[in-house]
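Got a structure here, written out as structure tokens. Questions coming.
Labels A, B, C and D are assigned to the chains in the order they are written; within every chain, residues are numbered from 1.
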Amino acid sequence: VPSGLLTIGDYEKSATSLLPVHPRDYYNGGSEDEVTLRENKRAFDDYTIRPFCLCDASKCSLSTSFLSTSLSHPIGIAPTAFHRMAHPDGELATVRGAKCSKSLMIASSWSTIPLEDMKKQSNGHPMWFQLYVYKDRVLTESIVRRAEKAGYTAIVLTVDTPILGRRLTDTRNRFQLPSHLKFANFASVAQEKMPSASNESSAFMNYVSGQIDPTLTWKDVKELTKATSLPVIVKGVMRAEDAVEAVNSGVKGIIVSNHGGRQIDSGPATIHILREIVEAVNGKVEVWMDGGIRNGRDVFKALALGATGVFVGRPILWGLTVAGEAGVSHVLEILKQELEYTMRLAGCPTIESIREAKDIVVHKSFFAKL
Amino acid sequence: VPSGLLTIGDYEKSATSLLPVHPRDYYNGGSEDEVTLRENKRAFDDYTIRPFCLCDASKCSLSTSFLSTSLSHPIGIAPTAFHRMAHPDGELATVRGAKCSKSLMIASSWSTIPLEDMKKQSNGHPMWFQLYVYKDRVLTESIVRRAEKAGYTAIVLTVDTPILGRRLTDTRNRFQLPSHLKFANFASVAQEKMPSASNESSAFMNYVSGQIDPTLTWKDVKELTKATSLPVIVKGVMRAEDAVEAVNSGVKGIIVSNHGGRQIDSGPATIHILREIVEAVNGKVEVWMDGGIRNGRDVFKALALGATGVFVGRPILWGLTVAGEAGVSHVLEILKQELEYTMRLAGCPTIESIREAKDIVVHKSFFAKL
Amino acid sequence: VPSGLLTIGDYEKSATSLLPVHPRDYYNGGSEDEVTLRENKRAFDDYTIRPFCLCDASKCSLSTSFLSTSLSHPIGIAPTAFHRMAHPDGELATVRGAKCSKSLMIASSWSTIPLEDMKKQSNGHPMWFQLYVYKDRVLTESIVRRAEKAGYTAIVLTVDTPILGRRLTDTRNRFQLPSHLKFANFASVAQEKMPSASNESSAFMNYVSGQIDPTLTWKDVKELTKATSLPVIVKGVMRAEDAVEAVNSGVKGIIVSNHGGRQIDSGPATIHILREIVEAVNGKVEVWMDGGIRNGRDVFKALALGATGVFVGRPILWGLTVAGEAGVSHVLEILKQELEYTMRLAGCPTIESIREAKDIVVHKSFFAKL
Amino acid sequence: VPSGLLTIGDYEKSATSLLPVHPRDYYNGGSEDEVTLRENKRAFDDYTIRPFCLCDASKCSLSTSFLSTSLSHPIGIAPTAFHRMAHPDGELATVRGAKCSKSLMIASSWSTIPLEDMKKQSNGHPMWFQLYVYKDRVLTESIVRRAEKAGYTAIVLTVDTPILGRRLTDTRNRFQLPSHLKFANFASVAQEKMPSASNESSAFMNYVSGQIDPTLTWKDVKELTKATSLPVIVKGVMRAEDAVEAVNSGVKGIIVSNHGGRQIDSGPATIHILREIVEAVNGKVEVWMDGGIRNGRDVFKALALGATGVFVGRPILWGLTVAGEAGVSHVLEILKQELEYTMRLAGCPTIESIREAKDIVVHKSFFAKL
């Protein structure tokens, strides 16, 4: 990797200057006024880490497990679409980077490499598969079967995208998947290519409203949990009530997510909503979060507020853009290293100890004694 | 309409550059330091939408009713004066745009087109008439009679303008109605033309202090409700106590409004005060709000905090300036579309469901757990 | 007066550009980091006016009384030093402006015109005299006697200046009273002229530490109340406990003040502390405030939070600089007019009604419902 | 000293422009995103001083005692490394400046002058010695013995540095102790020189991870208190629980510190955490704080919130850079003078009276009455 890249911010700057305008805007942007996009990141500043001292910082282990998969650290890769816009090797490079840094990756339904090829590239390292439910339910079922067969170990159902959020720069750019790329998991023309853009909606928005089933409810989740041998995780839950629904529907995990500020705008930052959901599920299933994580302190805060682990989206795309496989891996190494430093300096030598330490992370209002 | 206009912000920018300075300042400005003007808009950021997921987003209806008029959506047009400064067709274009987008429009007393012509242009689509009470009570009564006869279905009495707020740029501009325009609802010279400006007050301020009756009290409201066959709505209520007075005076509805930050300055944003008033009237009459609404999330928030519907002022003037009837209609379509996206993504398929969903919109202090 | 001056801000800008650097910095500056100076003004934004509507705005009276002097409005002139730096006529012009706008003026001990000449110029209009207690107590007593004899109707004892606050720009400027001016109330060289500046303190700081008695306590206040036939008011109280001390010492009034942010820095804005003091004195004596008042809404807020009236410092100096007597008077007229507009638009037709209206002014936290 | 230096800010600006880039960044910087570095300073703005008036400001004494050493003021010098990067005389100049201004200085383990020479230079004025525990415990014990023998009167054990915080500019600069300087307290090559830098860690980080014992726990503290005749103070406590541990381990004092924002990032400002710790120790040992103190108001606030005294780090380095011994002394004189001004103007004539005055310093939320 190029030298001088010490933080995710360095990667962001570098990738943002390297990418052509349309992919850059697609990757970096959020919906509408991007209030939630900005808030996801900013909200971490509302939380403060209150360190313990003198806890023997020589020992520090980041190892943990997601469902029953043992992992050497709690930082996963969120599903993001179209990696070949960032790098010629696309998702294959991402998978290699993930494997190299032992990160659990969630493959997107909308990869530009077929799901089987991705899983094969992972060479035994565990991966989850993110599912969008198409109006064509036969097609959808076939995708689930293929994911099972390819060796993915969980299905992550995205529940926040009945329609695509209005990402205004994409609309202005008339954003369209470059003609040499396609939705590689799909063979029929309708689902493989985007339709054209209009003045008021990008090609991508039109694709989603044409293909994705907006009628989904918790009933479908329940059916999915029965229709597959794999554990089902729902991604995009933002309220305690829905977390309870999820538990009752038989899912094995919940990812608190607002899709990186790309779906509903003016919604809460995920870190603000995490604790409420952790308390609502009360240990019955595992809870992760994604959105706005840009350094190891952010990861630490999410764990302290009850997450089993976190997923990162854009940072991975920036690593991929800057240096392919090596960039993906380096981004993860940075986050891991920052997390480890934070753990040692906060006196929390294990992931478990972060979750158990009382008030190790507090909202800043803690210091305003009225 | 010109291409590239995706948001109300786009319209604002465009109209602001198209308008001559005096009308631009008259439309865009507020009173004194414009604290309330800015706060009306900013305060929406204090509220966050907590979305439900998996609610079947295929169905979504914006339909609702104001008083007993069925409407296909809850976004009305606030009464604003002097539309012919924005477009040669003036209020006639606005009425056509409103009709085209099925928006309930409140005609201003101070239109540059006679009230009868406006109503006729609406071609059966419902409209309300906004009333200012002149010192000349005979004249005032004749206006009410004409509104009844023309077919308006409610009288909206503005209660926040006993005198005109000091709008400093208008004073500096010595703002004056252009000489080819007049107060089209009035035939006598005194009420049809503005007097001249002074160093310390615009021509418009002098008009108001010369013509409008500052002595108005709730007694006059009670009399008005008796003197007209139409339902009376009061516009400009900003306190629970006054909302109760309004109910007791026999009005059928209340518009929470601070006149778009053009009357008293350093008063609260309307969105901050809405819930207090909704609770005070306790369902006895309908409550709407206006002020600072610039996108569909804002509309959603107002509905969630208890409004029956909302009215927008300046956005309509910007639409009218940029593209006449089509601009007015497009501004409304943008707001409707944004509202619909928000409803689908928040899991609220009907207007009723927004109002009933618990904590669907919360103040940001919700996330500060002391 | 020059045209185009509509607000105190207009006067501030104009005066700031007209004044030579040293007087400008002396007038405009505060102590140390000027935190309190800025906060005095900014803190008014934390308070919001919740207007009543339909209260008959035709009647509006600003008349009130300070102690038992009837006044046509509640906006007085705070004592400020060295007016001849702003205008050749100095305090004489200020007195004429005050009289013209019927404002109660407090003459400073440190005027550049003798106290007798000022009082004579007022031509019967009531004035108060601000007292600094000199180490030379005989001299101090003679000043009190002269004030009594000249016809001042109260003694305002400044209690926040045992030493002079460090005003860094004055130190850097080696601020010195211009050689053609002197402390006009004093005849002996020691008290009439400033000593020279040092690297670490302005000439003015050295004057104060040389002349002013830093040992003052409430015992001295008690003695003063006995030693003069005039009512004594203390200026510079910032805590409830001291307000109670003041009452017990026999004073007739309290001015809540932090000397316009020129004494202790990092102290509270006066508007924040006002209510606490009003509640502590519980009606036993009158309470005024000064500090940061720049428009009529600020005056309204102070009255609503319990003040009998307010005093303004710098705005008067700006008016004096820009247009002498006429400027002083115009500044006061602006504030009066703004107060009147606010009263009419808030539904408070009298000064008394502002004080009695429930929650007419609230802290912004009123809208954050946790 | 050069003229025109009136505040610590003036010294900061001057030193920052005088220093070569690498030492400048090492002195001024913090770890990671420098959130804590900035917050240390900013957080003082959240606290407000509520002054008493009329308390006889002629008497004012800053004298106090740390442990049982009488001191003429409560402003000590925090231990900071490598003073010869700032000035050729290095720590010797600092010691002379400290002595001149009667400030209690804590000598750093990592001085560029041997500890014996520093103590000798102090010429009887009391000093404390800051200890880092090396992996080589024999070496560590010998350092303690030398400190005892040299005449230091307390051992200050730093407890927040099991590993060195990631200071990104130092990493980018490949920060290295200049070759003519060394860790003067150590004779063996390993501990006297820094190893070389890598791409991901400065030479200094590598030194610390090579030499410093990261396994330290409260057990070691207990042993240290027994192994030395000197009182032991722990520096770097940031939680009430750890303060209680400290008391139980037999220490005689606690310095609330986050190492000037150089260790864990995104932790709280020290001023925010002070009161919690003072309450936890409940008078059993003395509590000081450091971090972000830049003027006398800051010192006052720390004392009011319960500190026995404060220590300043960077301001001393800036003084040393600008004018050697005289600069160090002048920086201290500025702080003392500002503290004295604040005490006189706040009506607190003694250090004790600051600590005892009720609500003399409050969090700004004090003024938000919900």
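The working rule: a residue touches a chain if its C-beta (ideal position, glycine included) is under 8 Å from a C-beta of that chain, and two chains touch if they have at least 3 such contacts.
Bear in mind that the values here come from a model prediction, so they are computed numbers and not experimental data.
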Between chain A and chain C, the fewest steps along chains that touch one another: 2
Degree value of the rotation bringing chain B onto chain C, based on Cα positions, nearest 5: 90
Reference chain D; chain at largest CA-centroid distance: B
Cα-centroid distance, chain C relative to chain D, in whole angstrom: 42
Gap in Å, rounded to a whole number, between the CA centres of chain D and chain B: 60
Residue list for chain D, restricted to those that touch at least two other chains: 368, 370
Arrangement of touching chains [line / ring / star / complete / other]: ring
Which pairs of chains touch, using the document's own definition: A-B, A-D, B-C, C-D
Residue ranges of chain A touching chain B (in the complex, touch as defined): 32-33, 35, 43, 46, 159-160, 162-163, 165-166, 168, 171-172, 199-200, 214-218, 220-221, 234, 236-239, 241-242, 245, 258, 263-268, 272-273, 363-366, 368, 370
Residue ranges of chain D in contact with chain C within the complex: 3-4, 6-7, 44-45, 47-58, 295, 297, 301, 337-338, 341-342, 344-346, 367-370
